[in-house]
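The same chain A turns up in both complexes below, where it pairs with chain B and then with chain C.
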Partner chain A sequence: MPNQEKATGAVGAPTRRTDGREKVTGAARYAAEAPIPKAAFGYILPSTIAKGVIKSIDTSVAEKAIGVIAILTPLNMPKLHGGHSGDSRAPFSDMNILYAGQHVAVVVADTPERARHAASLIKVEYTEAKPIVDVHDSSAPLNETPTFFGSPLGFKEGDVASAVSAPGVTVVKQTYTTPIETHNPMEMSATVALWEGDDKLVVWDSTQGVSNTHGSLARAFGLKPENVRVYCPYTGGGFGCKGEEWPHKFLAVAAAKLAKRPVRLPLTRAQMFTNSGHRPFCEQVITVAAGTDGKLKGLRHFVLSQVSPSSTFIETCAAGTSRVLYDTASLEIVQHVKTMDLPPGTWMRAPGETPGMFALESALDELAHELKMDPIALRLANHADVSPESKKPWSSKHLKECYTKGAEKFGWSRRNPIPASTKTPDGKWIGYGMASATYPAMIFPGKARVRLYKEGNGVRAVSAAASQDLGTGTWTIGVQMTATLLDLPAGQVKFELGDSKLPVSGQSGGSATAGSLALALGDAAEALKAELLKHADGTPLAGIDIKDVQFKGGELASISKPTQKVKLRDLVQKAGSEYVEGVTSDRNKFQPTGEDYMANDAKYAFQSFGAHFVEVQIDDLLPLVKVTRVVSVMDIGRVLNPKTARSQVIGGVVMGLGQALTEDTHYDLRTGRPTNDNFADYRVPVNSDIHSLEVEFIDVPDLHFNPIGCRGVGEIGITGIAAAVANAVYNATGKRIRDLPITPDKLL
Partner chain B sequence: MDNFEEQGKGGEGVSRRGLLGAAITGGAGAALAPLLGNRAAAAVPASSPSAPPASSAAGMTLHVNGQAHWVEIEPRVTLVDALRDHLGMYGTKKGCDHGQCGACTVLINGVRVNSCLTLAAMHTNEEITTIEGLADGDRLHPVQEAFIEHDGFQCGYCTPGQICSAVGLIHEGHTKTDDQIREGMAGNICRCGAYSNIVDAVKKAMKVS
Partner chain C sequence: MNDFSYSRPTTTTEAIQTLLSHPDALYLAGGTNVIDHLKLGVVTPSQLVDIRHLGLDKISTDAQSVTIGAGATNSAAAYHHEIQTHFPALAEAILAGASPQLRNVATTGGNLLQKTRCTYFRDIHSACNKRQPGSGCAALEGFNRSHAILGTSDACIATHPSDMAVALTALEAVIHIQDQSVVRTVPIEAFYVSYGEDPAKENVLKPGDLIVAIEIPRTAWAGHSRYVKARDRSSYEFALASAAVAVDVDAGKIRNCRIALGGVATKPWRAHAAEAALVGQSATPVAFRAAAEAELASAKAQKENGFKIELCKRVMVKALQEAAEMRRA
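And now, the complex of A and B:
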């Protein structure tokens, strides 16, 4: 089978990216580069204060500047009818400033330089109030019982207090802090808006959800959905910050209306820090108690995070970690949030899991050290055989193999368990650390279509979903999954995405795209089969039960009597139309296996797992942490494309190394403004920071989850990596750093 | 930059900028006309800003990927903006506009340069190569081919800059070890984290070329 996959480019083959050529030749067009002629350029003026009220906006000088076409401010912004999300207020709907960098005006001019210059001529007067951006400021409003999406975040099962105070248990109680982090995809968010008359809108947008953006803009501007078209053929990275609808999208559309011209409105890099979300600051206290055998008697996970006055987003560190990863006799989760005068936070790659796993997996390492147990043995002792959260069986779980495989590949047996006792031949401290990885598998409702056309002596398939490819490889796996479902060579298959006219898709977030698309395409392929069978009269398949039919090498064939078959081409020919089409039904039942995915959700818990192994080397005099080796083993169900899946995992690892070692968005405590809103001062990993990265997959299909058996892989790679680094740093130096990032000053 | 508008409307700035513009136009135009022959005549008309005041924009010829392009742009326009917003060549990306990320890397006379940190008007007599100019017709440059093979990107937004940078680095010759390549490519940020694949791609391209 694997050889056949390689030959046909179906699921499992390490094919090159479908969009690779466009990306290496510069032909790929991102949102700001929309092929819309005569578009004017917008520039957004940010607020210089973090809290207060706009007293006045004087645009009179700016309006007369060369090239200026229009200026949009809260004074002439049209009323919106909903649809806004990342910042919960309607943009420009009042004069209040709730965070630094909040958009205050948009200048539209004939060149970007003129728009930017004119923005500097706008005079804004504010009544300034003192912002609170220090989480330890006691005057900040504190909510001790927050809810997120209507659900309370606290949880209690068993009696942790008694477990912790019981005789003979070993207890670790420590506080872990993680700073505000900023996504910083390389493409700065941009929206290009073109009105066609008064009621038709065309938008190019950098988005993680083409269908969501389409719906939001239609609602906000009171337009019929069929009169709004959103394109996003390429998204230049997202990591969560292009998942919500941010104010600039609505401003671009309103500015284009005001200017009576199409408008290109990109954010600046600085605005990517304040106007498209961030991962909030978190302070976590983990209390964990275990017997001498390492079995967890009690686990308490306290989280304090920050929320913005104009957002409801909460970083929920415990829900995806302490509630799902280990089997503990008692569990208590407490979450508090403080409202701070900061820009809205949002989903950032494995939201909750990324800081949560740093705390939990650091605490487990501390516990292993106290118990004098191997960190892997401690984790195996607490392996959750069923979901601790739902008590349902896992649909598929191979975490133990991740530990075993990873340990062997990494050479874990060579680890010296005594901290600060091993040096390299050139005198650097060397340390080994490990951590688990985990991320849930989710399905976002969505549809797809599959069309079959005659071509030459055979057929050509074109499948499509609105969807989007953030660099995740959706385009590529869309082709591969279609090829597998129809049993056609990938060369005969095309996949289309990035257009709101195509069947509605969920957002690319929550690592949900691959699984959701597998389900939608699987169902569409079944619908196509049913359509084709409508034209089977007079063929060997006439009257056959659809359950006995499969796509086989360019034909539809009986499963029980394989000689009964008809060429797909003949069926398309008989249909007499340009193409035969199957579209996802609402039921999502995949007939060949009889799996009912809607019902499966009630039966199984769907979750991905993995393990990271990290080697660090640290110089005594200048203790910069150098991560010399990382081995990651991932259980993500069936691997759709080993090449792109591996890239997803190393991408998560690299971002996790940034979290571990360098990334930290600073806000000035007096002004409430970010002090390092650029790539020189907000340090993301660069090429010279990265050394050997190895990735292995377990590659066992999860066929209860979708017909292909894949779970998403966008986020799991970042979970646990910072803890693995911190644990390796402890092993190397004997210094336990519980406050990220691990900068040299903390090791001196 | 903040005083540009004032300058544009009168006073000393006009003559300075006027002089700069005239020097560039005259110099480049005069020097290149005989060399370019028909190519100059066939220069691609740029989507110039609508009716810019004479004091503000200056005409100049930019030589991009072997072709001469006549543009009328203000002297303050950076090379990346001239390429993207005035010539419509969007292959060169803008990732920070501060020379901190390398997404806008192009080759000027074969040397890699952050095109957001330099003014277009400074490069009228030079040969600018962008990502669009690397392939030979349908045949990809070995670095482009290697980036596809080794999956040296995910979202693709930093990729034109990475590839131009890699071409420049290979030319510089500091590619003898993996560490040299890592160091030499450290000015090009890839937030998708494809660094190890990029190093593999550079090594592969060197073997081929």
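And now, the complex of A and C:
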């Protein structure tokens, strides 16, 4: 657990990560490094075919290899009782192969090398079928009315067809394609499983949802929830690929049972390309029509994406973009999906918004060019003053300030609107581009607890939630939020997470962790206040209405009569127990349909916004795009910690630059196997690709959303950035690239 | 990864003898290629013969040449003052390759023998004539965006991946090779062989042969040399196309020049046609472009790599422009 002694700031302070020292010194133990002695090592044998049936698995030679303890295959896998996700089938539940790289066997041995070698000795015979991997293959099953989580993805409001054909409108209709991308966190997924007897299970897992993994494993193996413990003190990046209950988790637990030993089961880097999801391919057609004033008369957003036969995940590009960003007189959304024999797709940082914003914000730039309007003016002309989706007012929206502040900081007024007309003194084309950013503000149900202990002359607070820190700074903001809620110096506060025994938490996905934790901690702090007041007899606060009481400088004090107050220490003392505790209530306020904060759902729409400004420079002879400057201005409610929030936006921008310029998971169209499943051939940006990145925040609390006023910041940074780059490339060269990534060959 | 033994000879003779008596053994130097391929199952040696302790890591200079020990790391060569000053294209080429961590362990001898990055060569479940002669070439009808346009055959279209070897080819380096009796010298252009029928045979090394040094002659043009590399990201990335050029320009006329290409050919590609087209010409963009056209006339595109023909021409022009500028400066 991080040493939190150095946490000094409440909410708003640029506090250093409380876990920073542990991470840079290597003291932080990630799942694969769980302190479990005598753990054996598992290695997963992948399928080399993409479609077919396993005819036979011969493990006889492998079993005799040095160091081998056990081999798990579909033939000796115990039946699971649910809990799995990501891949729709229960792991090892049948002999069908639905994608290349599918897990086929797990070898457990005393060293990782021996496990890997023994896996190569397993002989698997397949009956092979021809996979469909090419999106242009007309024999791929096409679904023109897909649903996602039970909801249809199509939408229609007004008459786009008439708007587009009306006289005097300017119409842009273009197709934008984005390739399959892979998350590639630094830490590869890993599960370490330890059975204590037949009915108790301890697991260390690299996960985006400690409580989810806990519930899933208990269910799958038919165990009492209190007999399962899941730890995840650190997650080395997730970006969505650790958000589902992928097969390897269950294989690790089953293998540990079979081997009668704890088992460490990490995925290899190559397996991270096939067994923990990817962002699906998308082909989007945007049709947009506007009058001479730029007002949108019609917007049609067509999406074709690919889905795996063993997954229900759909990349829904329009729902989070065209439905929410602009005020258009008519809107039509159509989504089709093609089933291709590829591994399951999944959530990847701003799923839907990331490809969706590339298409929409590129199309807006094309429209601005056609209308001879400044791209910001076009966006301001279509600013959505209320939510286009729900017609409700926004809880808090400052997008216009994002444009203004960003334009000024970037120097947007120096942009020459005529493409391919500006060069640097050393002869490179220079271009400016911008795009909006947006991401919804979400809450996942969850709880937290806050305990107060006596310490010295004062108190010490320890708050906790099962939760998890993906590297985003949850450890740190947990301290800061608790310190703010209790009005204590952060040095007197500790925060615990990463343990399923702690109060249940939602997943870290949808940028929901900070807001959900703020809500849970806020309610726990209120409960603590009530607990403390139970011991207020004989104090100046005896009999006071709780609504008139606040935490103030180490005391509980009346709001209306501030001189009426009691030291927190005295109340803990009077309670006579080791600590006084407040826990998030069981009221259903943490359900999206509930009361209180989320009841505001009836009154408000919750959404974050931002704007990116990008400068590119491109050599005339060698068209290698260099992104020389990025300015991003984000409206994410109250900024909990400017340091960690800035890092989140920078991380999103860098990932977006990868989307724009280099990233593309490529499959052999004959075999369905990825051809670039490693860090040399799958190109994430490297340091030398990254130049000046500046981040600014509007920093206005959204107090309709939670008592701290924060919305999440993990995902919004990536939205819009690829469009801003493509728009800048157009401004620099006059070449409009609608097919990502923008590699040199496309600019020749 | 199969079982293998490990030995650490103390003399070059002992190392060569070990290789000769164990035909399935491999030399291990920096290991950046061999260890990777061991893990992938691309190589399955019976023994690794560690040659890092043979004293082959020295870099020496005299009036005629610079000699880089085959065991010198890429970093040691790239940051050597004499090389930076008098053979700039070589320093630039080395620093354009891999990452600092890799360059700190990878050796110059090993770099000459670097294996292709062709995805099918690295995937033991794919057909590959270079890895498994006679099995076919999965790249011909597969993913071949990064593959070669020069020197290809129906058996193989894999590129030679080295940056350093391209600069060495332009600088007409000489490879010193030791066998059990003598050290012989082979000009780098003769060191690499064309693929022909057997793409597994990439060079003239015989069993047991040990590269001990790389010698680079001083010339009137080596000091005005440049390495230009086009790639999909700005570091830690193999070339889509690269060019090492050295020019001797006098009063605006090209008296002499050497050009080699990388990322586009099955071996470091000496551009003789371009050189011939340039000698005696004025150092102008038009002449540079004409030379590039002459060299690429024989290029053959695959389904996904046709762009390399134009890109390579531009890389050549860029490198020639920059090298000619150096002369003026």
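In this section, the second predicted complex is superposed on the first by the 731 of 748 C-alpha atoms of A that agree within 3 Å, B and C clash if a C-alpha of one lies under 4 Å from a C-alpha of the other, contacts with A are read in each partner's own complex, and residues count from 1 in each chain.
Heads up, the rule we're going with is that a contact is a pair of C-beta atoms (placed from the backbone, for glycine too) under 8 Å apart; a residue touches a chain by one contact, two chains touch by 3 or more.
Just so we're clear, the structure is a prediction, and the values are computed from it rather than from any experiment.
Undergrad: Is A:E408 in contact with chain B, with chain C, with both, or with neither (first, second, both, neither)?
TA: So A:E408 meets neither chain B nor chain C here.
Undergrad: Tell me which touches more residues of chain A here: chain C or chain B.
TA: B
Undergrad: Quick check on the superposed pair: does A:F239 touch chain B, chain C, both, or neither? Answer first, second, both or neither.
TA: first
Undergrad: Check whether A:N676 is in contact with chain B, with chain C, with both or with neither, and answer first, second, both or neither.
TA: After superposing on A, A:N676 lies in contact with chain C but is clear of chain B.
Undergrad: For A:E581, is the partner it touches chain B (first), chain C (second), both, or none of the two (neither)?
TA: neither
Undergrad: Using the touch definition from the top, say if A:D745 reaches chain B (first), chain C (second), both or neither.
TA: After superposition on chain A, A:D745 lies in contact with chain C alone.
Undergrad: Should A:P685 be classified as contacting the first partner (chain B), the second (chain C), both, or neither?
TA: A:P685: touches chain B and chain C.
Undergrad: Thinking of the overlay built on chain A, is A:S120 touched by chain B (first), by chain C (second), by both, or by neither?
TA: both
Undergrad: Could you say whether A:D19 touches chain B, chain C, both of them, or neither, answering first, second, both or neither?
TA: first
Undergrad: Overlap the chain B and chain C contact sets on chain A and report the shared residues.
TA: The overlap between the chain B and chain C interfaces on chain A comprises residues 113, 117, 120, 680, 685-689.
Undergrad: If we count contacts the way the header does, which residues on chain A are in touch with chain C in the complex?
TA: 48, 113, 116-117, 120, 619, 621-622, 624, 626, 661-662, 666, 668-671, 673, 675-676, 680-681, 683, 685-689, 743-745, 748
Undergrad: Please give the residue numbers of chain A that touch chain B in the complex, ascending.
TA: 16-17, 19-30, 33, 37, 41, 65-67, 110-114, 117-118, 120-121, 183-188, 234-237, 239, 266, 268-269, 470-473, 643-644, 646-648, 650-655, 678-680, 684-693
Undergrad: If you look only at chain C, which of its residues touch chain A in the complex?
TA: The touching residues are 1-3, 41, 117, 119, 123, 125-126, 138, 141-143, 145, 228, 230-238, 240, 307, 310-311, 314-315, 317-318.
Undergrad: Touching chain A in the complex: which residues of chain B?
TA: Touching chain A: residues 1-2, 4-5, 8-9, 47, 49-50, 52-53, 56, 73-74, 76-77, 81, 84-86, 89-98, 100-101, 103, 130-132, 134-135, 140, 144-145, 147-149, 151, 153-160, 163, 179, 181-183, 185-199 of chain B.
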